[in-house]
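One chain, chain A, appears in both complexes that follow, with chain B as partner in the first and chain C in the second.
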Partner chain A sequence: MDYTLILLAIFDGLSYAALVFMVAVGLTLIFGVLQILNVAHGSLYAIGAYLTASIGGAIFAAGYAPILAFPLMLIAAALVGILLGGPIEYLLLRRIYHKPEVLQLLVTFAVFMILEDVQRLVWGNQPYFESSALQMLGNIQVFGVYYTVYQLILLPVVAALTLIGLRLFLRRTLTGRLITAVTEDREAAQAIGIDANRVYLLTFVVGAGLAGLGGALASPTTSVLPGIGAEMIVLSFAVVATAGLGRIEGAAIAALLIGLGRSAATYTYPELQVLVPYLIMLAVLLVRPEGLFGSPAARKI
Partner chain B sequence: MSTRHFLPLLALLLLLFVPMAAPGLQILLTLALAKAIAVMGVTLLLRAGQVSFGHALFFGISAYAAAFIAATSLDDLVLLLIAGTAGAALSGLLVGLFVVRYRGIFFGMLNLAFSMIFWSILEKFYHYTGGADGLRLPRPTVLGLSLDRAPFELLLFYLTLALTIGLGWFTLRFLGSPIGQLFQTVKTNETRLEYLGVSARTTLLKGYVLSAALCGIGGILVATAQGIVTPSYAYWIRSGEMVFIAVLGGAGSIPGAVAGALAYEIVRAYAAAFAADIWQLVLGVFLLVVILFAPGGLAGIYTAIANRLSRRDPSPTAHSPNEARQ
Partner chain C sequence: MLKRTLLGATILASALASAAHAQDKPEEITIGIATFLTGPASVFGVPARDAAEMLVEDLNEAGGIDGVPVRVNFIDEGAGGEAFTAEYRRQVQDEGADIMFSGISSGNCMQIAPLAEDLEVINIMWDCGTQRVFEEGEYDYVFRTQSHATGDMLALVLYLLKTKPDFQTIAVVNQDYAWGRDSWEIFSTALKAMKPDVEVVGEFFPAFGAPDFSTEISRLSATRPDVILSTSWGGDLNTFVQQASQRGLVNQSQFILGLGESSLEALGSALPDGVIIGGRGDHYFEHPEMVGQENFDSFVAEFKETTGSYPIYSVFHMVQAFEALKAAYAKAIEDGDGVWPDDQALIAAYEGLEFQGLGRPVTIRAEDHQGIEAQIVGTTVQTGDYPFATLENIMIFDGETITTPVGESSIEWVSSLTPEFVQQVEPTTFD
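Here is the complex of A and B:
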């Protein structure tokens, strides 16, 4: 394998890791606060991608400037967060916080089944492809290798900003501290007057919005077609489990690990490409069952 | 014998006469009963408080094992059943060794991950697996006899019915046995189980291998009835369907699994024509309704009605509707 191929593999892995991180961070944030694993998270990602690709395709065909693709991504993410995330938390999850984990999983799994069909009802089975955002930013030459600016610079920058922004938000702002307090001890937080229900709703909307943004950012780089939601939930779970459930910074490192591992496989053993993320997860979990950065849970007696 | 047990037995008796009375239903019920066996595997795990979103893995493994053997000269139904079940149980042991270290979310999602891995192997390595088109499974001989289509399907129906009853009985006996009682303690209080000096992982592993074998037997029967195996056998939609039927039947009830599978397949055969595009959506909504408003499923509803009719205090049956709410 020569030098350019290695560089290409690293760039591929980096841009892929940035995308996976955007989805995984929402999943791990929701789990950290609500203690619920949102199986429907992959569908929210897919819907974000569909919204961006279909609306984008329509407005660019009508002659609007391609620069609108970027605000459109944010709008799509906000729509997914508010119109889907809000009702899911408010109408469904709120009823099941006291129920066993198995039932919580089943409820979000049911939402996943529903949303998968909603996608097919709204967007049909044909793939959507809309890459104006990618083409507009053009290519860049790095160490003799040409790569798209969108994938090499924009995606990693957005992912890094999300990571730093979330960290500052949770540590430095009042709302963020309220979220941290509820995560730490819900009852104690409520006892000092924090509205835990509002915190849960806000967290879920933000997490769902991040999944939508991940989908919106991914849409220019790939065709959007049925089934991407199912793949993404398993993949982002692999990232989150490798990092340890609820670990935001850990998810970034795990995403990089899995992204680079996957692209290394793409250039050496392409048939293993889909397996590598899971092999990495299994290898990590065999040695550290609670994930790379997780702490072993104390058992109740 | 109370009326409580009378109706299920009557329903089983009626099933015996289906090929004579309603031959049109025969294939449908063969598939439904085969699925019921697979669902028993998922139901079994629910008794230990675990849900697997990837049990279609074992359904698919045994179906493909059967298809590979059917392509050789050893093409006999009995051999297919033995080899497929062994394949499912063995892979259940290997996957189980790993997943029994986890509970709850991790257990469910790691199972899903394993099934997605197997599914992508089936799709990618098309030289061996036929890719998305799958493999044909020609009608096997039965103990050396090659049967025509009609007698073979009749035989398959009765075989499936017998296996459903036999394996259902076996699973109930398993749950009643000391191992099975320990297995269910994983749900109620795992730490105390370990204080008794019993390894929770080993206990869960035993149940897991049995559940994998049950799913495997269901997989071979469905594959033989349909004559083809495709990667969709191992896809998450299939796993979701099994979980759905298990919850519909009554979380943890073995007779409920059979009732759930029969109800599901019959409704699907007639309703799916009207709702083919939104079938997952209908299932999802129904799943939510069952979980939120009837957590005991069909078995819970039946017990409640039987209790009301007999005007007795609710007897503490193993699958009372309250259990699922705990």
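Here is the complex of A and C:
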């Protein structure tokens, strides 16, 4: 395997990692703050993708400019965050924060199942494919191999901006600091007058919106069809577990590891490709059960 | 008193005698149809269900089968595994299905064949492709009204070798499950037998339902094989072709899409000219020998009007299952001098049955119950007549020459083929 192949494998790994990160980051943000593992995250991803693909398909067919695909993605993400994320947190999760984790998991799993059927009702069984955004940006040639600008440049850039943006938001803005405070100690934060309920709602809406944005960004690269949510949620869990639950920077590193590992496998031993994310997760968890960046939980007495 | 008893005994005896000879006509014929209503394979299953509903309605309007109306129940193959077999059993034992059509998934067919035998219910494998069912087992109650993977793959290999014989390297991108693996085994074995100098430069089996083939496409772009085969279908195929087309791979290598017929409409303008497409039988909504025939044209038009799409091969397979049913009943009733047939009479009628769906006539071999179906292969062209690619340079291969002979294993049979076989087979061509 010569060096051009290694570089090609790195490019593929990067663009894949970017997509996975966009989904995993919302999941880990929600877990970090709400301490809930949101299985329905996969559905929110799928619905973001469906919204973008179906609305995009309809408006481009009506003759609107393909550039609208990009604002459309943001709108789809906002719709998912506000119309789905909001009610899920407000009507459902709010009632179960003090319940056992197994119950929380079951509730979000139930939401996942319901939303899977909702997708089937609304969008049917046939795959959607709407790639105007990707086609508009064109291709670039690297070592004689064509890549789409969308996958090779745009996706990694968006992922990096999301990572930096989230970091700045959590550390430099008032709302971000409120979120951090509630994450550290909910009771103490409430004691000094922070509205923890509002912070939870806001975090969940942002997390759900990120899932929707992940789906919206993925939609031009793939067929949107029943089952994509389940596929993505399993992979995101692997990323989040590898990173350490609740670690945003960790999710970026873990997504990179998994993306690069996967593409290295495809180039050298394709049969291993499917296994690689889980092998990486297994290896990490054997050595560090709390994940790459997780800290062992201190017992509060 | 004695008189009356004698009379009663006589009536009873004659009634018993006639019951032994024949069954009375039933109120209705109940058919249980297994198809994918959920899951990725519903891209085949749902259009086929729509077709079945249309066909039953038309059939009953025309008086049913010899005056007996037909009722269908659908069961979802998407349930999978035990849930599926339990539902199958329930259809036969509780719903009283007289005959079963099952199914699309090869895995389900392998499971259902022995079960149908146990339940003593006639089962028509109306769509599944595995060649193993009749090569590894022998069944009285199980029939197939269409071809199997060997015919599907062999037609593609022959078409490739007839139209583009000068290539050296090939790569494959198939789904990682039984069909993806088995179809590649048949295709590659046949190809190596008929073109021994061919070199396989890449074998990719991405996960079933994989959303992204970017890495495989980069790898293939760097390897530059002359030919790339994929027997994937549904969303997987659409995604792969779209991604390959966006990145120029489709122009770099000769693509062969074994089940491409079912995605022509879905792929729209993304499918470029020059891609070799198979139809899992001679199934194509512009079948060159069928277009212009009243029943074909009206079916295609009605299907398009009802569902909004053109019929794909699973729809035509459903048509064949119903046409075979009608033909089998007609034959059994005729052979029984107008008496309503029991299961055994119907089985006898299915053996060696010739019937015609919306393609060339199909024969069910009496020995192993395998359907002998012609194969259509063509090359895509965007003519602008439709918002998607249609086929040109169509060849139709006679089913007899490309179906594994009775009692032989497909892999052994195709590996015994020689380069001369390419010339021996003479498909029908159209200009």
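The criterion applied here is as follows: the second predicted complex is superposed on the first by the 291 of 301 C-alpha atoms of A that agree within 3 Å, B and C clash if a C-alpha of one lies under 4 Å from a C-alpha of the other, contacts with A are read in each partner's own complex, and residues count from 1 in each chain.
Note that in this section contacts are C-beta pairs under 8 Å (C-beta built on N, C-alpha and C of every residue); 3 or more make two chains touch, one makes a residue touch a chain.
What you see is a predicted model; the values in this text were computed from it and never measured.
Trainee: Output check: A:Ser15 vs chain B and chain C. Expected answer is one of first, second, both, neither. What do you get?
Mentor: In the superposition, A:Ser15 contacts chain C only.
Trainee: Using the superposition on chain A described above, determine whether A:Gly57 touches chain B (first), chain C (second), both, or neither.
Mentor: neither
Trainee: Answer with first, second, both or neither: which of chain B and chain C does A:Met113 touch in the superposed model?
Mentor: It touches chain B, and chain C stays clear.
Trainee: Does the superposition put A:Gly176 against chain B (first), chain C (second), both, or neither?
Mentor: A:Gly176 sits against neither chain B nor chain C.
Trainee: Does the superposition put A:Pro289 against chain B (first), chain C (second), both, or neither?
Mentor: The answer is first: A:Pro289 touches chain B but not chain C.
Trainee: Looking at the overlay, does A:Glu271 come into contact with chain B only (first), chain C only (second), both, or neither?
Mentor: both
Trainee: Could you look at A:Pro66 and tell me whether it touches chain B, chain C, both or neither (first, second, both, neither)?
Mentor: A:Pro66 sits against neither chain B nor chain C.
Trainee: If we overlay the two complexes on their shared chain A, which of chain B and chain C does A:Gly86 touch? Say first, second, both or neither.
Mentor: neither
Trainee: Considering only the touch criterion stated at the top, classify A:Ala218 as touching first (chain B), second (chain C), both, or neither.
Mentor: second
Trainee: Of the residues on chain A, which ones does chain B touch that chain C also touches?
Mentor: Comparing the two interfaces on chain A, one with chain B and one with chain C, the shared residues are 120, 231, 271, 274.
Trainee: Under the stated contact criterion, what part of chain A meets chain B in this complex?
Mentor: It comes out as residues 37, 39, 92, 95-96, 99-103, 105-107, 109-114, 116-118, 120-121, 230-231, 234, 237-238, 241, 245, 271, 274-275, 278, 281-282, 285-286, 289, 299-301.
Trainee: Under the stated contact criterion, what part of chain A meets chain C in this complex?
Mentor: Residue list for chain A touching chain C: 4-5, 8-9, 11-13, 15-16, 19, 120, 125-127, 129, 131, 134-135, 139, 143-148, 151, 218, 221-223, 225-228, 231-232, 262-263, 266-267, 270-271, 273-274.
Trainee: Where on chain B does chain A make contact in their complex?
Mentor: 46, 49-51, 53, 98, 101-106, 108-110, 112-114, 116-117, 120-121, 124-125, 191-192, 236, 240, 243, 247, 277-281, 283-285, 287-288, 291-292, 295, 324-326
Trainee: Applying the document's contact rule, which stretches of chain C touch chain A when the two form their complex?
Mentor: 38-40, 42-43, 46, 176, 202-207, 209, 211-212, 214-216, 218-219, 221-222, 234-236, 238-239, 242-243, 246-249, 266-267, 270
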